[in-house]
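The following block contains the structure, expressed as structure tokens.
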């Protein structure tokens, strides 16, 4: 049995290679006109991911038995004193992520076969999907910080391609470029961080013998760099590395690309912008945790950025009318949660929330996809309503999702509770923010549920139920959303998620568990309060009560006018960026271009014209008049004699 | 430099006086060359230039090299060449005059720029 | 008898030339106007015979003749070859140009041979009087040549200008000679050299040097004395212009080299004077050529600029510099005659000298424009052509003369950039502009001898470019021989 | 092994040019083109042989050859130089790149060249001889000769077949390069003269001047000579103040010519910097490293900013070349193995990428006869092939991992970051504590700007809905496909395993750096 | 200061004065004929100077060549180009005249300063030139038969080559003058530059 599992771990690279092969087959298949039937593409993609799933399950079982992580590398680029290598590293964290990624992407691929049926870019879509799978799995498997950077950018590119799938729509094109540029800004920070880290620790790596920037040996390297670079510079390096996750997981300053990324087809939003890619940021934090852990100031900044993101995006989600936008902002805020948890030291809790969030958020997006598909591309909630009657399966899975995300009994509750427990230990203000955000989360989730599925239908398109191929993945996703939290919480003598994740890690022990029951009860109550307020404000049953008490959604909006305008304008962050670009960046480019054209070219032309002018000026002496020539002769002669006689006398 | 010395210097004609004389003539030649507008006058001032040089040569022959008088031989050669130049100058002048009936140097400004 | 042997081994080429000069003079009277073409072949054989006679005597050892008035050593040997080859090229150019001369065709050849005789004598002249007489034969003959097409008023005007300017410059030179004679009481250059080497440099010597420089500067069209060149090159008949730009310039340089290496002691002041004049000439020549429309005037300014470069070789007063100058003059001979042959061809066919009229030449007449462009590129100093190697060898010599000459070197280099501009302008017109319509009806028959000159020049430019080594070896002409400075007691 | 002679490789194109220029093809366009392509292919394969037999481990020059006159005397004995050729890791790589890009340019010139074919193809081959000569010259004098020969063919190529103000930009190009080369000439003469003073022998041979530590030359002479070289190569590798000829030359040159111009001619500048500045005067490079690094950083950022505001597609690509060559400068300034190998890698990478970009621009120009970005829009709609090729090349130029640009950029940035060249420099004796690390961090911002202008251009040109007038925008033709696919093959193959490339020039660079 | 020196200097100054006046007359006389006459006077004075410098042969040849030869040439020139003699043809009052006068004056001062070593002493004392007292027998020879024999000997020994070439020069001058001045009947077939000036 051991050797059997050993084989899987030995060449775990195949997991990433399979989607790459699928991508090549589809691309060449299409261009060389080998086949044209959509079924084949679907089958190729799904089988490659399914094999990947089986593979990662075997790896999971291997990790149960294994003591220390398995790693295999080859040198990819070597010059002078550095030798960067590429390969794969299998440990508990990787096993967990592999499972999540392959599982979710398999279900989404099945779903998108149904979703993209009629779209003519079908093959192109699946080739991009495979490319994304390759890069995501590569990222998860990568064994060192440099290799993770490579797949980091590849994932950015595949998200760029997928957001810009319907490139004929200018808004999609714009969103894709915006997403990629913002990711690029993050990559800049990550690159600078990696190079700086390598700069300080280069002789340590050379001495230590294991591969450069390898994750297994980051801990001692981080200490070495801390001593070498001093706390301030080290904090800068760690922050630079943290820039990567800020952009990728849409944290506070660089989160604006995620809502616009909804331009892409919905399965993409589900896969990339909910479950896998955005989680890559948190995954990098987990992988590079020793670096961040070494300096407390970085940890607090990470925590606070997570908190701020969670709060801001949650408030924005309240006033959104587009279903997908609401879910996008909720993803941002949940990611904020994870980052806050990681920042606060609750390493295992953050990852646990990542895992649970992946499942229920993917399910929520697929439901929204089904709804939009049903209402033939109507995304505005004001024209929905009462869809429970038309799409019961989608409605109920959506409700499960809402319960999970707002942390009522289902998987979300357990992972959020772990986070709150972690926070409770050391940082009360973060805990209060967490609880406020929990309230807002449950409010806007149930608001969207009631607007979309309850009350009567307000739209003019006649909704039809989603086909089988789309509902089955929903149901399959609903199962883990319900049970996974409960199973892995370690409460009832089942293998607890934390011990599994932490086993590979001797993470710091300060995430002490406060066993009192009070915290979960409080969080449950807050979630229910959110549910009730949403029901009160948006459900028809309380319509009469609302009218009598005069507290309706509209007059709340009227009273809290400044707050409402703040959130609808997305806290003016987007406006700030566009204003920066429009009247600072572009004018500077304009000025530089004109400067280049007129000033530098001007000087060059001026020199040209000047010489010609001097030529013309000297030619004026050639008047053609004989005596002028003689005057030039003699005056020149006398002038020269004067000068040189003087020079001779002087010398 | 009292008055007597200057007087002695003045009246005892030395080589310098001849050089000064030839220099004066040379400068008059140069002025004539450039100032006169009539081509004939220009040719004449060329002759003056050459005669100034002759004076210089003969003076040096007299004062430095009375033995074999190389300066005077040179002077003779110069005279011969001056005559040749005058002849060619006249010929060109005539050809010019035949094309355009004027001897004014200001007229001949076709070739310029 | 001793005279005869002297003449036989020192002055043989000159005597052959004198013979043929007299022959052409007599024949020009005897033969009627229509049989004048026969004279061309006579003068050509004369030049050829002179060249052959040159190779007879061995010139490795330096011999003087006729009481030291003429010296023949390796230096004069090389320069006489350049002059004779130049005269041969001019003869070829005149063969078709001669119709313009109306009745008197033969005298042209006579005057041309006398001029080149003057040039040859100038190379070897070792006596002030001999220098003066040789210079005057060259000048007077070229005055006459310049005004030869007497019915064309431009040629007359050019002759007038050339005469007055020449006479004035030679008068100034004579004035300088008189001072030198005054200081040393000698006319033989060797004797003067001996005396001057001990003579401390005072202002009289400087004045004399500059006055002499006026004379030679006129011949090589150096800076303050170059105002005549553009008008004369434009006005004179094309073969004469070519002749002046190459042969009389080479003769001028020959005598200037002899003066500088022999008479004027290697004092810094002289190299400073020459360097400043070289720089002024170069820059003035190049700048004035910039906006030039008439190709003959442009060639005049370019010849002024090249005089500046060659003068630079002299300014550094080293053996290396003079070798570079000689090699430059050899390549200049080929480059210049190539371009002048092309100009003549075009002028004979269309009668136009404006650069814009050359438009579109490259498309139809490929081989002709290839030769023309190659010579222009060689003038500009683009590699693989002889021009580049001669320029580079010159710059190497200047660099080798010490770090003081670096700024001068930089200025010379910048001048090459300016030069490239106006040469490329011509090439641009030839290859890029559409062919002008007026030329189609002209029968663009290319006269054979001119084509021959062009071909020889193109071959010369390419071979000198690639196989520069043997030629540079040959032009390692002068090692300043101390013994020539004969110590003559007062 | 013995039939591999460098002189044959260099003069093969010249023979080709003469054959074409000769009377045989009599203006029959198709035959000329076929012959040219065939001949280009033969030359490319022949250069591949060199690559095959090149053993990277051996130090110094390989395939050395010195041609002498029949009499056995060196070619230009009085000038102290002989016709010596030699190749090492870096120059061989650039030679193969040259032959490869010339072959592609010949194939790509099927559509954009419509008149005077004989003249065109002979000029291309003449240009190739000059460039190969530059890379293979082992003798300073020979280096200058080949450096200046490439002026004339380039002048004709731009001015005869170009568009817009072609004469102006052709003349500007030739004067700029020539002005640059005179500084190089002065510098070479200075060091050769100084060597002559010290050792008495007058030679232009490169190996004698390698690492002029042979004798202590005064730093002032060193600095002046260094600046002389630097100006000449700064003009060629466009460093910002001297770069204004590049956009004009590119905008007005026909597509295949601008492919060659960007692909190879800019590399001559970089190659010169390595061979002359780095190899001959390492100490001076050490002293002037702040200048080189700052110029590199300015190059990257300034060109990227200017590129964003360009309306003309070709100008944008030209400025992107300027920005990419800034990375080469940065790498060279770093003066350590990683930096220099990054610079060499970037030269090859940029060569392939910019050739691809210009091919794409050429393809668009062929169909739309306009290069103004506002007028183009949504071209990807009915020509997906072109769009994908453009996308791969654009992402390559962006520095996307697993494409050739990334490894080069990371090496260069890493080299610059970890180089101990200077930690702060004093300008007019005020000490500025800006260390090379900070400067490199600033330079890496260039990565963002590159992304901005490339993606914005890509979005405006290929995405969005198609303009009505471009609806007949047909997809890539076989010729274009061949060129683009071969370029993309190189980009992807050497992107996936950069060791393939670093093995060739790695040992040469490390042996170069060991001696400093 | 013997009597002889005084007479010598008296003669010298007289002739010099007349010479300078005549030279100035050539340049500044309004009518061309007058300047021709003053030229003749100038040439004769130069001959006088030669006599003072005991160069008798040169003085005579000066009189013959210049006095007679060149004067006839000039008179021929004047007669053949007998245009209406109007005032305009006198002097060119232009910038270049100022330059000419300025540079001529400067040149004169420069030579004067150089020769007299900063106006302090005569050139003979300054040792600038190789001034030497002639030996007695040379003086006797000169007194006896004058300079003709010495010049003759020099012409045919030291300067025989220039002498011969001079003949060729004169031949060329004659033929050139005839060709150019000759009144040929034929018209120009193909004037190279048809005369239209571009700019």
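A, B, C, D and E are the chain letters, set down in written order, and residue numbers restart from 1 in every chain.
The rule is short, and it goes like this: a contact is a pair of C-beta atoms (placed from the backbone, for glycine too) under 8 Å apart; a residue touches a chain by one contact, two chains touch by 3 or more.
These numbers were taken from a predicted model, which means no experiment stands behind them.
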- Quickly list, by label, the chains bordering both chain A and chain D. C
- Message: Using the touch definition from the top, what's the fewest steps needed to get from chain B to chain E?
- Response: 1
- Message: Which chain is most central here if centres come from C-alpha coordinates alone?
- Response: D
- Item | Farthest chain relative to chain B (centres taken as mean CA coordinates) | A
- Item | By number of C-beta contact pairs, the top two chains | B-E
- Message: From the C-alpha centres, identify the chain that is farthest from chain E.
- Response: A
- Approximately how many whole Å separate the CA-defined centres of chain A and chain E? 102
- Whole-angstrom distance, CA centroid of chain D to CA centroid of chain E, is 69
- Could you grab the centroid distance between chain B and chain C? Build each centroid from C-alpha atoms only and quote it in angstrom. 28
- Touching two or more other chains - residue numbers and ranges from chain E: 92, 96, 99-100, 103-104, 107, 110-111, 114-115, 129-130, 132, 158-159, 162, 166, 169, 173, 176-180, 195, 199
- By the touch definition above, chain C meets two or more other chains at residues 129, 132-133, 136, 140, 143-144, 147, 150-151, 154, 159-161, 164, 168, 182, 185, 187, 202-203, 207, 230-231, 234, 294, 421
- Query: Tell me, which residues of chain A touch at least two other chains?
  - Reply: 619, 622, 624-628, 630-631, 634-635, 637, 639, 641, 645
- Item | Pairwise chain contacts, counting only pairs that touch as defined | A-B, A-C, A-D, A-E, B-C, B-E, C-D, C-E
- Show which residues of chain A lie in contact with chain E when the two form their complex. 625, 627-628, 630-631, 634-635, 637-639, 641-642, 645
- For the chain E and chain B complex, residues of the former touching the latter: 1, 5-6, 8-9, 12, 16, 19-20, 23-24, 26-27, 32, 35-36, 39, 42-43, 46, 49-50, 53-55, 57-58, 61-62, 65-66, 69-70, 73-74, 76-78, 80-81, 83, 88-92, 96-97, 99-101, 103-105, 107-108, 111-112, 115-116, 122-124, 129-132, 134, 138-139, 142, 147, 150-151, 153-155, 158-159, 162, 166, 169-170, 173-174, 176-181, 183, 195, 197, 199
- Can you name the residues of chain A that touch chain B in the complex? 619, 622-627, 630-631, 634
- Message: Taking the touch rule as given, give the residues of chain D at its contact with chain C in the complex, in rising order.
- Response: 69, 73-79, 116, 141, 144-146, 148-149, 151-152, 155-156, 159-160, 167, 171, 174-175, 178-179, 182-183, 185-186, 189-190, 192-193, 196, 202
- Item | Residues of chain A defined as touching chain C within the complex | 611-612, 614-616, 618-619, 621-622, 624, 626, 628-630, 632-637, 639-641, 644-645, 647-649, 651
